[in-house]
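Letters are used for the chains, namely A, B and C, taken in the order the chains are written, and counting of residues starts over at 1 for each.
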Amino acid sequence: MAVVTAKRAARQRSGERYFRAATLVAALLVLGLLGGVALSLLHGAWPALAHFKFAFLTREIWNPVTAQFGALAPIYGTLMTSLIAMLVAVPIGCGVAIFLTELCPRGLRRPVGVAIELLAAVPSIIFGIWGLFVLAPLLQRHVQPWLIAHLGPVPGIGRLFQGPPFGIGVLSAGLVLAIMVLPFIAAVMRDVFDTVPDVLKESGYALGATTWEVIWNVVVPYSRIGIVGGIMLGLGRALGETMAVTFVIGNAHRVSASLLAPGTTISASIANEFTEAVGDLYTSSLVALGVLLFVITFAVIAAARFMLLRLDRRALSGV
Amino acid sequence: MTRRRQVRKLGNAVALGLSLLATLIGLACLGAILWTLVARGISGLSVQLFTQMTPPPGGTGGLLNAIYGSLVMSVLGMFIGAPIGILAGTYLAEYGRDARLSSVIRFVNDVLLSAPSIIVGLFVYEVLVVRMGHFSAIAGAVALAIIAIPVMVRTTEDMLRLVPQGMKDASTALGAYPWRTITSIVYPAARSGIVTGLLLAVARVSGETAPLLFTALNNQFWSKDLNAPMANLPVVIFQFALSPYKDWQQLAWSGALLITLAILLLSVIARLIISALPGGRSQ
Amino acid sequence: MSTPGDGIPVQDTAFVSEQKRRAAEGGLNLKPSSRMPAPGSPEPRRAVGAAPAARIEDAVFSCRDVSVLYADKPGLSNVSIDIARQQVLAVIGPSGCGKSTFLRCLNRMNDTIAGARVTGSILLEGRDILGKEQDVAQLRAQVGMVFQKPNPFPKSIFENVAYGPRIHGLARGSADLDDIVCASLRRAGLWNEVKDRLSRPGTSLSGGQQQRLCIARTIAVQPEVILMDEPCSALDPVATARIEDLIDELRASYTIVIVTHSMQQAARVSQRTAYFHLGELIEVGETNRVFTNPRQKLTEDYISGRFG
């Protein structure tokens, strides 16, 4: 006969209560973390937001001496560098993903795929110093003079390529960002393309479609939401990225029409100035920048995750 | 008809050629980065690197205090983050499988997984550094823990779900309460998966710079005090690379190489463990 | 909750009329009176012809009007049956007939399935196990279960068997635990095959050995009843024969309920057989009698292989 004492059973029951409570508390902590981040940032940013009000968003001035702060330049720089990064990384990332899922010889698929995934794990500071020591001088010497000479005089887009070739600046930051998010976008895209059932592709081929026609008419429409989600996820990374950008952006609180001019981004401003900021308003203004970044990236990432919900969760673990 | 076919074939060739080109460009850029890293970093690799402190400008030295600080803060961060992440992942996988709360938590966790790390730094600054009145290794570790938690939650949930239901049922049918089943059966069965998650989280955490900038700050000297600023590789790399001194820049490259090698090694080991897992693990 | 004699619970009426329709089509003679026994009568509704056999003096389990709803779909309706002490009851029926669902009621494994609701009453030694006061862990220590697929834990052979005694604190000291493990492995007929490799993982054994390991693991908790859910369906004929012999031996000390899809197996190992169809208990009685002289048309059709 089973002799399970009541005392022992009671102990097991309370063990169950405690363990269950512990897991629940941990899970709620994850939830609370997001709320905590939002609240504490708002709290820290409050002096600046209350002082400058809405003008904080629209003013370009950033003067620690007179304690006048506006977020326009960092906002512009954040959006512009991310835009450049996306313009470069999305087509290339898509190309890589297409190559990996449709073209690549079977034997190469895994090694190339793994290489891409490993590169997504390389810390962003590496991309930053590479940008500073290798890419920026390269651009300064070979690419930017050509851009200034040939595109500068063109009416319209010429305004984007004015001024001396500094090497560092918005364009360089955008390109470094592009290279940094490239493996990430390629890996997510590949996972998205992999969700297309083989049957669908095969029925395309059975109708006599070429590989490209199958990709364009079957794979892309089927995985449309996933593709947008993947791009948004990459965008979220680019917007919030700090180290890859800080090295090469030039940290100038200016909105310049030219992409070759130095600028700043939200995260670069915070990284560069936070520890040196003196005065409550200065610090608070930097935290207020953090709030802006939080709002922008949260919206983008939440939208991306929402679109990627359909994707098999396991496919994305690790990225 | 044949003309049309030729056009289609041409379009196909062009498109596929472009995708091949994209792959080559992408791999070339990334290869160039790694190549530079190795080429510039390797010349600075020496015993000195591991035995001496970070030098003042113009002096010679190593990265000992930074390496030590990075290790301490990563380990401490994992000690704080891993239990929370594992417990939360356990809740999602075992207790709240289908509850609405779980899907909200899962979603929030996914958002945290890709949230900018500098924001985590600001958060810890606001809640810890301001309260304590100074930068500290503890604050740095907490920031790293917050980065690690979402990674651990995600991998733990995924890995626990791989444990066959039959095994859990067998334990339940023997009269085990869920906590007993989880701690005695599910965790051991998912051990290698959870270890993989830990490795991935360490890899993620050890390269993070932004959250340490205004939590742990930096320290030029040897410090074991967790309550004081502590040197760490990423911030040293950041400061030294941006400095005008050649010696410092060299140290930055060497540090960057070290960090990258460590992270790639961790990732490769994690991958090997994953690929060694029998699929689904049911016999 | 419906107790015996409440009449037909509301949620069952649709199902009942559906059953009547089927019964009419299938030529099954179902007297309305048999579906609604007089208030207070504990007589099972379904197994009319088998009433004397369905009720047993000194039963280990007595189930009355047990119904299971899975997310509002009926999995089992109004099953009333007694389970005799130290006998083997075989539960047979076509797949999806609710036989596993019934088995999982007896140790409340249905609790682990979200949305499953069990009504009626199940008395184990006169105690209602469906009540809130029932500690499920204690119940499951008293009513062990062996599953379809052998599922040893990712632990050593020794630890697999020791797991139950450990969680219930049955052993006083490690020598005692050794004894329990040894005795359980002996009873499961596995001792001689594994005594030299107790520290090897449980998964290193063959399928049949793994299943006997699972039986040893169940015995180690010293249960009163052992539930077996198609324990041989993943095994080869030789391993199956060994398990069947084992069941015959275990009968001396335990009450066994075995769900099986093999009628031959039911005939070989059991003393009583219950036939389930579409979530209802159609007939229960002496195994010999059920197989040679079924009283219900459905049972006869199933046994003679007309469906299933």
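Please note the rule applied: a residue touches a chain if its C-beta (ideal position, glycine included) is under 8 Å from a C-beta of that chain, and two chains touch if they have at least 3 such contacts.
Keep in mind it's a predicted model, so treat the numbers as computed, not measured.
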By mean Cα position, the chain sitting nearest the middle: B
By number of C-beta contact pairs, the top two chains: A-B
Farthest chain (mean CA position) relative to chain A: C
Rounded Å distance between chain A and chain B, as computed from the means of their C-alpha atoms: 16
Chain centre separation (chain B, chain C; CA means) in Å: 49
Length of the line joining the C-alpha centres of chain A and chain C, rounded to whole Å: 56
Residues of chain A whose C-beta touches two or more other chains: 4, 12-13
Touching two or more other chains - residues of chain B: 175, 177, 180
Two or more partner chains touched - positions in chain C: 137-138, 141, 167-168, 221
Touch list for chain A against partner chain C, complex: 1-5, 8-9, 12-13
Interfacial residue positions of chain A with respect to chain B in the complex: 4, 12-13, 15-16, 18-20, 22-31, 33-34, 36-37, 40-41, 43-44, 91-96, 98-100, 103, 112, 114-119, 121-130, 132-134, 179, 182-183, 186, 210-213, 215-216, 233, 236-237, 239-243, 246-247, 267, 270-271, 274-275, 287, 290, 293-294, 297-298, 301-302, 304-306, 309, 313-314, 317-318
Chain A-touching residues of chain B, taken from the complex the two chains share: 8-9, 11-12, 15-16, 18-23, 25-27, 29-30, 32-33, 36-37, 40, 83-88, 90-92, 94-96, 101-102, 104-105, 107-112, 114-120, 122-123, 125-127, 130, 146, 149-150, 153-155, 158, 175, 177-180, 182-183, 200, 203-204, 206-210, 213-214, 217, 234, 237-238, 241-242, 249, 252-253, 256, 259-260, 263-264, 267-268, 271
For the chain C and chain A complex, residues of the former touching the latter: 135, 137-138, 141-142, 167-170, 221-224
Residues on chain C engaged by chain B in the complex (per definition of touch): 107, 109, 112, 114, 136-141, 144-145, 147, 149-151, 153-155, 163-164, 167-168, 203, 214, 217-218, 221
